[in-house]
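After the structure tokens below, expect a handful of questions from me.
All chains are identified by letter, namely A, B and C, in their written order; residue positions are counted from 1 within each chain.
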Amino acid sequence: MKFIAILLLAVLLCSCGPGTRSAVVVAGSTSVQPYAEVLAEEYAKRYPGRDVDIQGGGSSAGIRAAQSGTADIGMSSRGLSGDELQMWSAEIARDGLAMIVHPNNALDSLTPEEVRAVYTGRVTNWGELGGPEGRIHVITREEGSGTRGAFEDMLMEGQMITLKAIVQNTNGSVRQLVSNDASSIGFISLGLVDDTVKALQLDGVEATGENVTNGSYMLFRPFIFVSEGEPDGSVMQFIEFTMSPEGQAILAGEGLVSSGEVARR
Amino acid sequence: MIFHGAVPESKLNGGSRMSGKSPNIKIKTKNLNLHYGTFHALGDVTMDIKERSITAIIGPSGCGKSTLLRVFNRMNDLIPSCRITGDVLLDGDSVYDKSTDVVELRKKVGMVFQKPNIFPMSIYDNIAIGPRRHGISRKSRLNEIVERSLTRVALWDEMKDSLNRPGLELPAGAQQRLCIARAVAVEPDVILMDESCSALDPESTMKVEELMLSLAEKYTIIIVTHNMEQARRVSDMSAFMMLNENRVGSLHEYGPTIELFTNPQSKVTEDYITGRFG
Amino acid sequence: MKNGFKDKLSERVFLALALSSISAIALITVFIVIQGAPIIGKVGLRDFIFGMTWAPSQGKFGIFPMIIGSLSVTLGAVVLGVPVGICGAVFLAEFAPAAVRNLFRPAIQLLAGIPSVVYGFWGLIFIVPFIRDNLGGPGLSILAGSIVLAIMILPTIITISEVQILALPRQYKEGALALGMTHWQAIYSVQLPAAKSGIVAAVVLGIGRAMGETMAVIMVLGNAPGIPTSILDPVRTLTTNIGIEMGYAAGDHRQALFATGIVLFVIIMILNITAQFITRKK
């Protein structure tokens, strides 16, 4: 009882005391959110007292929040367009997607058109893609997933993924299924590809971090921090932490690819 | 154990039933002993049961009457610890022989229980279920059996229009008669009745007793009863059982009902049937 | 006086506890309806329930494939699980020697205590590859879900059915045997019909469990929101629709998942009412 009372008092003092700093508010893409949360956590560990508050809401909402000042930083998982280009922005990383198949699959490369045909359900047999006859088991992520959103944005051109596709709700379970089923195809974050599956080339370009960084592999999306005007103070400190080798290592550890760019106006 | 020498005339036109000859022995037990585990329930029961007659087993509670009755259709088999020695013969064949088919035995030796145990199904199905399980599937044949069985227990006129009603809706007396009809439908030789009137009102009891008498024309009937008057009214032979000096259920006196009730040979029998104990 | 007061007090306490549990259920119901009703109003009840396309990102909210999914997987579980369950109950109640019974009973109780995710994982590791390799298709299928659910509903069906059979008056069995029936004939023609209402209750409880199960089936069903054409097709149930998409859903999508919950709620209510009606009618 006494303990709780002291605790309450302490909380009260902390929140009302003169030392109060408002946390940096970061809002936007739910795809970037989990990575930002890891960054914020490490950041808080490194620099106690500097709080970063990460919120979701989606890329567009995040950019709007940054424009209106509701958030210090907006997170976007799509390229900027229109008046958004006027904002200060930094590409913190790139999220590459790999099309994966079973290691024994005869195919090594597909074109984006072929992938689209498979995922819309127009092509249902590996034979039609130049492989041995056999039904294609299409695996996708669930509605609302950032990975699925990225895949749809980059490849589907507004067409719907077939309702017959198997739906899994983690990258891990997609990879697990593909590694077990010789007839399957799926997509996962590039950083999560391992030797239990085979990453397909797109238009003959290998799905590697380097090819994402140099832009030759097309299946990636940028993760962008935006701000209305040049950030400073605690906001800039967090962005600098993100762009530092340390921050980049954290993101690479989570499966993202370095954008190879530096902060720009 | 006391045996009476004379063989009685049957209560109901006995002469024609026995057709002048000395009646055949339907069931015979010799030195029958029954144990439940270490408990000695029946000791040295030796008795002959005559064909097409009614034999009443009487005696105080807990002396093994029902146990003895259940020896005849091997219902005691359900109790795993039950062990039997001695002879039990039905038509000269050993009931407890290894080669005896219990199912066949029970077809020959039907049973009516203390409480009416109508199955939760229609009146018709209650009667038809036995014959059906024994391989009769033709509807017309089953109809015939149902009608005949119900006629025999004097329920046909009452029930012919409500054969599809659940049997459990009937009053207890009618349920018990239905149980008898069900036993009869299998066409047994012997019908065992384990205190079958004890749950019934006097009027129903009377009807069942009438039924026993009429069934005895065709079947060998063995009843267990606590009701001395009933034993006296319906049975040809009476077997008085009680615990012996070792507290083992045994046959104390056995003979024609008239003699046993009018001239008991043993003081204990007399005391029991006159209601001095029990 | 003092005892009277104590009685009254404990009565009040029990009343309060009972009311709080009921109000918790009421609150959940109200919450689900408030969250889910708007999207049903927006899409239209008919289009929501009978709509064939589930594509929240395109504003299409039709859950008919999921209703078909739930029904087909549950039906499969019942077809596979109920006969096995009843046979198991009969075995335990009528045939098993005491030693076997004493081994099986706790084993079955244990089966009921295994977390559903373990069943799902087991299904994914053993059932799914088995179906894929021997029957074809991706393995993730109605069949895989039905098998896993059939095993999951076994404890419910076995335990309740066994109790029902054991609770029958001895006279039924004796009466049947006295008619010259074999043990087996006595069981199927008298004892099981006599225990029918209890067994039906067990089956309905099993159906309820199968309908409501999420975690295990998410892993083995494949969750494709299309109408299945074979038992080897992947399928999505109402529960897995919620389970798989709740993570990132927002706005209309989120409401549509709550609305899926409303439909599930109503189906299970109908089921329970039907069950009560059946048992009472008997």
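Couple of notes before you dig in:
Assume a residue touches a chain if its C-beta (ideal position, glycine included) is under 8 Å from a C-beta of that chain, and two chains touch if they have at least 3 such contacts.
Since we're looking at a predicted model, the values are computed, not measured.
Excluding subunit A, the assembly's touch network remains one piece. Central chain by Cα centroid: C, whose mean Cα position is closest to the mean of all protein Cα atoms. When every chain is reduced to the mean of its CA atoms, the largest separation from subunit A belongs to B.
In whole angstrom, the spacing between the mean C-alpha positions of subunit A and subunit B is 86. Centre-to-centre spacing of subunit A and subunit C amounts to 37 Å, using the average Cα coordinate of each chain. Computed from the mean C-alpha positions, the centre of subunit B lies at a distance of 49 Å from the centre of subunit C.
Contacts from subunit C toward subunit A in the complex involve residues 53-58, 65, 128-129, 132, 137-140, 218-219, 222-226, 233-234, 236, 244-245, 247-250, 253. Residues 73, 75, 78, 103-108, 110-111, 113, 115, 117, 119-121, 129-130, 132-134, 179, 182-183, 186 of subunit B are the ones touching subunit C in the complex. Residues 169, 171-182, 185, 189-190, 193-194, 196 of subunit C are the ones touching subunit B in the complex.
By the touch rule above, subunit A contacts subunit C in their complex via residues 30, 56-58, 135, 137, 142-146, 149, 152, 160, 162-169, 173, 177, 180-181, 183-184.
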